[in-house]
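In what comes next, chain A is part of two complexes: it sits with chain B in the first one and with chain C in the second one.
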Partner chain A sequence: MLETVTALLIATIIAATPLLLAATGELVAEKSGVLNLGVEGMMLVGAVSGFIGVQVTGSGTLGIVAAALAGALMALVFAFLTLGLKANQVATGLALTLFGIGLSALMGKDFVGTPHDRLPQLAVPGLSDLPVIGPLLFGHDALVYLALALVAAVHWFLYHTRRGLVLRAVGENHDAAHAIGYPVLRIRLMATLFGGAMSGLGGAYLSLAYTPQWAENMTAGRGWIALALVVFATWKPGRVLVGAWLFGGVTLGQLYGQGLGIPVPSQFMAMLPYLATVLVLVAISRDRVRIRLNAPACIGKTFHPAA
Partner chain B sequence: MTFPNAGSQERPVPRLEARGITKGFPGTLANDHVDLVLDPGEIHALLGENGAGKSTLVKIIYGVLKADSGTLLWEGRPVTIASPADARRLGIGMVFQHFSLFESLTAAENIALGLDSAPRPRDLAARIREVSKRYGLDVDPDRHVFSLSVGERQRVEILRCLLQEPKLLIMDEPTSVLTPQEVSRLFETLRQLADEGVTILYISHKLEEIRSLCTQATVLRGGRIVGAVDPRTVSARTLAEMMIGGDLVVPAHEPVESAHAPRLVVRNLSSTSDDPFATELRDVSFEVRAGEILGIAGVAGNGQAELLAALSGESTTAADHVEIEGQAAGHLGPRARRALGLAFVPEERLGRGAVPEMTLAENAILGGAASRGLVRSGVIDGQGARAFADRIIDLFKVATRGHGAEARSLSGGNLQKFIIGREILNKPRLLVAAAPTWGVDAGAAAAIHQALIDLAADGAAVLVVSQDLDELFALCDRIAVMFHGRLSHPQPVGQTSVEQIGLLMGGLFDRSEAGKGDRDVA
Partner chain C sequence: MDISRRQFAIGSAALAGASALPFGMGSALAQAPLKVGFVYVGPVSDHGFSYQHDLGRKEVEKAYGAKVQTTFVENVPEGADAERVINQLAAQGNGLIFTTSFGFMNPTIRVAQRHPKVKFEHCTGYKRADNVATYSARFYEGRTICGALAGKLTKSNIIGYIGSFPIPEVVSGINAFTVALRRVNPQAQVRVVWVNSWYDPGKEADAAKALLDQGADVITQHTDSPAPCQIAEQRGAWSFGQSSDMQRFAPNKLVTSIVDDWGPYYVRRVKEVMDGTWKAIDTWDGIKQGLVVIPPFNPSIGADNVALGQKVKDDIVAGRLHPFAGPIKDQQGKVVYAEGKHASDEDILKMAFYVEGVQGSLPK
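Entry: the complex of A and B
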């Protein structure tokens, strides 16, 4: 029994990691006022680039770097269109996702089905051998720890540094930020690129660690869940973590329930995580004070500097 | 007129001098060789109608815009001000008309954003307290801006400037949202700053305020300087005529004595809302009679928006709370109420009063379709709509290139004239207007006031909700005040005063109504 619980918890952490990476990146972009709906596409391109990186160089680290760069490049396309050419963010984001699906399939054509080794799990001598706690806390690969560190870093950046304050200010009221003299577009560009890199990492986690292979469309909607998680978390990094674990837990719980042979259609069980997301979103949206305090007021709005 | 070389008569080095500033936008010359000299410690008014070029000039001084030609001298040295950060480094601070605050951030965070090098949070809070005490600007640094009143927000803006120890403070229309008491408090702060040697450039439409506060005034018209006077030595009327460049026709309104039948009756109107930022109406009762103009004063956010929504039909109540022309209308929506003879001029011109992207003709249809038969069996009568729009433009002297112009291309005052004209030509029996001349220059405001007075004289009932007491006193027969969702008993203008209404706006409600008057302004 204890082993089952431990295994479930470990699997939850693993399932949550790609969501955590992508959602944390998107959170930063949205906090600066940029709504990038291309997360799914950026994750896919990140996933395939990371996979190719590892196949070509044989180095897991270089694969991760390649994934982050590819995600950032996708975000750069988005930034060029929406910040540079003032295209509509919603439409451009949707287009970016479709573009990413096609591009990743094209890039990965020759790699479908090629297996490779999973990212190595870091082992801390002594600690990793502890029962329960050992595998739960000290038996993961580097990306899991990186994701957790980045959540903490993003929280610290947003709420304890001046640059973070400026970024939040730009997302709250770009006209005012411009009037005081902050470079709205440059700040948004940086936030968007960070969001892209994080989505790329999230995708790489799927193709390098979660299921170490490349398959077309392997993100299976996780980019959209990451987008929902940001709202779910009312734009707070700590709550993104909770949300990602919750979602990972529900996903695994339903898999486990199916395995136990609970007589409910498996399609219904597969719906559960999404249903849970919708319900929590509705519950959260009722608290207007919290939304008002945390939601970036300028999200998705194109910034035209006043003449 | 100021001449650069006139400095021989032992005047101090000006703090800021602008020489020949010229700035063009497509189609207009916003600033045409503007010269301006600001001395240390003076409170200098910049006057002009909308579009006269005041904002452009100020934005050039603050580094938001770049002049096409001309030079700026700061304390005698030529300088280039390429950005607001440059301006702040020189010692120029600006308090914006539309507050440039971040609602979801705290007062202290907002202030930190305005400083180029922010001290540590604890030191910053201490400095905020110190400066706010010195100038009597009460602000709690830890409160979120969205929970602050308008007056408090302005104090945050001023504090943000003062913490940079500016030598020149620019204030753009700072009093348009304040109660008279808050205005006099602001003036004390400004005078204290001027005594300490700070130069203040003060932009306002309110001529009486300029006469009591400022020691020098420069008047702009059509992008050029048309005069420089000491505003204490001339009348407000003279200043207005300098701005307009012609005679100012001040509308006169004879208060109605006879009590006609009530056109609008509101009885015990209360509202509840699940929006924590809405003000709940509490037991509001009043009536507006035919031929009468009733004014509702009050600082924004005291329930005016909720009352207006309940009157226009955007929010509905039980039927008998609102009665239009003797018919219970509380449960009716906006169209049904318009059919009863209600016309409504909302505060937001773009988005509620008119659709920004649509032409004036299309906007005319939206407001006048039912009463003017502009739509027959679902088909728009385009010719009729254009003719109707042309009539509004003609009768109300709307400056525009024609009925095909998009609503958003009009200046605020012209669009407001168009919207009010549209409503008035529908021959309403009851007109509800919110802030009808907000941000509108003197000439257009006079025209709008005249239109409202004429409408009342023709027997319609008019309700004006406004923060501008001068406007209410010029227009209304009776004035009531909203505070925290409650409405004071309407008083005939002859029997009240700006001071008394100001106290009511500040919350001295039951007490002053009961004739006492404890000093307990919140």
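Entry: the complex of A and C
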């Protein structure tokens, strides 16, 4: 039993990683007031770019860099339309997802059905061999640790640095931030690009480590889950981490439960993670103060500097 | 001709005028190539079901060269879109149209009524008409071979089976596998995990991990991505590929795959249309006719096991072994097919129970 539980926890940490990367990036964008619904599309383009990067260069690191750059480029398209041309963010984000699905399929056309080795798992001498703790904490690939480090870094940046304060101010009240001289659009551009790069990394985790292959639409809706996680976490990085683990845990728990022969319909168990999201959304929405304290007041609103 | 659905829609708008011309003009020109249309539910790059159908289309092109002109439309959702796409293919002068997913059944029948001169073939369905034939493959025959080998290869006596949806095609596969498994190894058990998707590499990988973590040392799947084979390879467990040959995803531990080879069937049916001998029949072929192909076994399973796999295959082809030959008991131990009896085709097409040796209960 202990072995099964350990295995489930390890699998959960891995399953949560792509969600964690994408959601943390989106959180920063949303904190600056940009609602980018194109996460799914950016993840897919990141996944295919990372895969192509590894195939062409043979280097996992370059693949990861390529994925982040590709995600950021997708976000640049979004930023050009919404920040530059003042297009509606919701519509543009949806378009970006549809665009990303098609673009990634086109880019990956010649790479379907080519396998490659997964990213190496790090092994810490001595520590990785410890029972339970070893594989749980010390046996993952670099992106797992990078994701955790980035969550901590984002938390520190948003709540313990001056630049983080400015970014949040831009998201709360762009007119006031503009009036006291902060470059609202430039800050939003940077936050959006960071969000894109993180989505690209999330996608790359799928195509390089999780299931080392490229397949059309391989994110299978994880971008949307990442978007839900940001709200679920009430825009707090630490809670994104908890949410991603919870979500990964429930998804995997139902598969493990089926294997153990727990007599609950698999369709019901497949529904559980979504049910959990809905319940948390209901719970936090009841407390209007909490929503108002945490949700960026200017989220999704177009900024007109002249006004 | 390689076109996406969107380009197709634009192109067909331009062609709408042309199709208003007297229908069947193409057949008046003796030298005109036979136009053959294919409708796929997924992308041709899925490396599974739609990919295999497209390989079949390419074989038709190779076999007849300039005498045929093939068109395919990929990513066609099952529903209203399907009827529009099939109708456009018919209106554009295709003489033979293959619709390759179960959900295309009713749209195919409706379009066929409007275009009585066009011939249609629907894959995995059961509704026919004067100009609509049906065809499918006996995938379960391949499961019998995999089951027998799994019985020899397992040491933990736990086999992990990743299911898509609990429909008869998948359930009969699980049962054929389990029956063959238990004849070789009566102690072995099958654990089924349903992922409720045909294609979600991440979730299929998760299911494979869950089964391996619970002691399974052989993994088999009825989903379309090679992700479970990759996970099994990483963990040093044996696996079987599905739909296409997945050997390159698990070069060391993949035993074999159950491959759908539609090419010879498509080549034959196209010829029958050219010769005027085409009939609206039902075809349900298996290994013997080459519709289900078992690639060479991985030599590292040992010479004895290679010989066993070959023998099971030969017995099925020769008709000496029926995958559902009795005695077969259900999970409660009740005899469903007595010694000397076997399941009829209709039983297989409607199968909705687990045989003895499958753990857990079948989702309803």
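By definition in this document, the second predicted complex is superposed on the first by the 301 of 307 C-alpha atoms of A that agree within 3 Å, B and C clash if a C-alpha of one lies under 4 Å from a C-alpha of the other, contacts with A are read in each partner's own complex, and residues count from 1 in each chain.
The criterion applied here is as follows: a residue touches a chain if its C-beta (ideal position, glycine included) is under 8 Å from a C-beta of that chain, and two chains touch if they have at least 3 such contacts.
Here the structure is a predicted model, which is why all the values come from computation and not from measurement.
Clash-free side-by-side placement of chain B and chain C is the outcome of superposition onto chain A. Legend: residue contacts after superposition of the two complexes on their common chain; A:293 is shown touching chain B, with no touch to chain C. In the superposition on chain A, no contact is made by A:104 with either chain B or chain C. In the superposition on chain A, contact of A:211 is made with chain C only, not with chain B. Which of chain B and chain C touches more residues of chain A is settled by the count: it is C.
Chain centres taken from Cα atoms put the angle at chain A, between chain B and chain C, at 130 degrees to the nearest 10. Of the two partner chains placed around the shared chain by superposition, chain B is the only one that A:181 touches, whereas chain C remains out of contact. Residue contacts after overlaying the shared chain place A:169 against chain B, while chain C stays out of touching range.
In the superposition on chain A, A:89 makes contact with neither chain B nor chain C. Superposing the two structures on chain A brings chain B to within 36 Å of chain C, judged by their nearest Cα atoms.
Comparing the two interfaces of chain A, the one with chain B and the one with chain C have no residue in common. If you check the complex, the residues on chain A that touch chain B are 162, 165-166, 168-169, 172-173, 175-177, 179-182, 288-289, 292-295, 297, 306-307.
Residue ranges of chain B in contact with chain A, taken from their complex: 25, 63-65, 83-85, 88, 96, 99-105, 109, 112-114, 118, 144, 146, 274-277. Interface residues of chain C, counted against chain A in their complex, comprise 43, 45-47, 160, 191-197, 199-207, 209-211, 213-214, 216, 225-227, 230-231, 234, 248-249, 359-361, 363-364. Put simply, chain A touches chain C in their complex at residues 3-4, 7-8, 11, 15, 105, 108-109, 112-115, 118, 206, 210-213, 215-220, 222, 251-252, 255-256, 258-261, 263, 265-267, 270.
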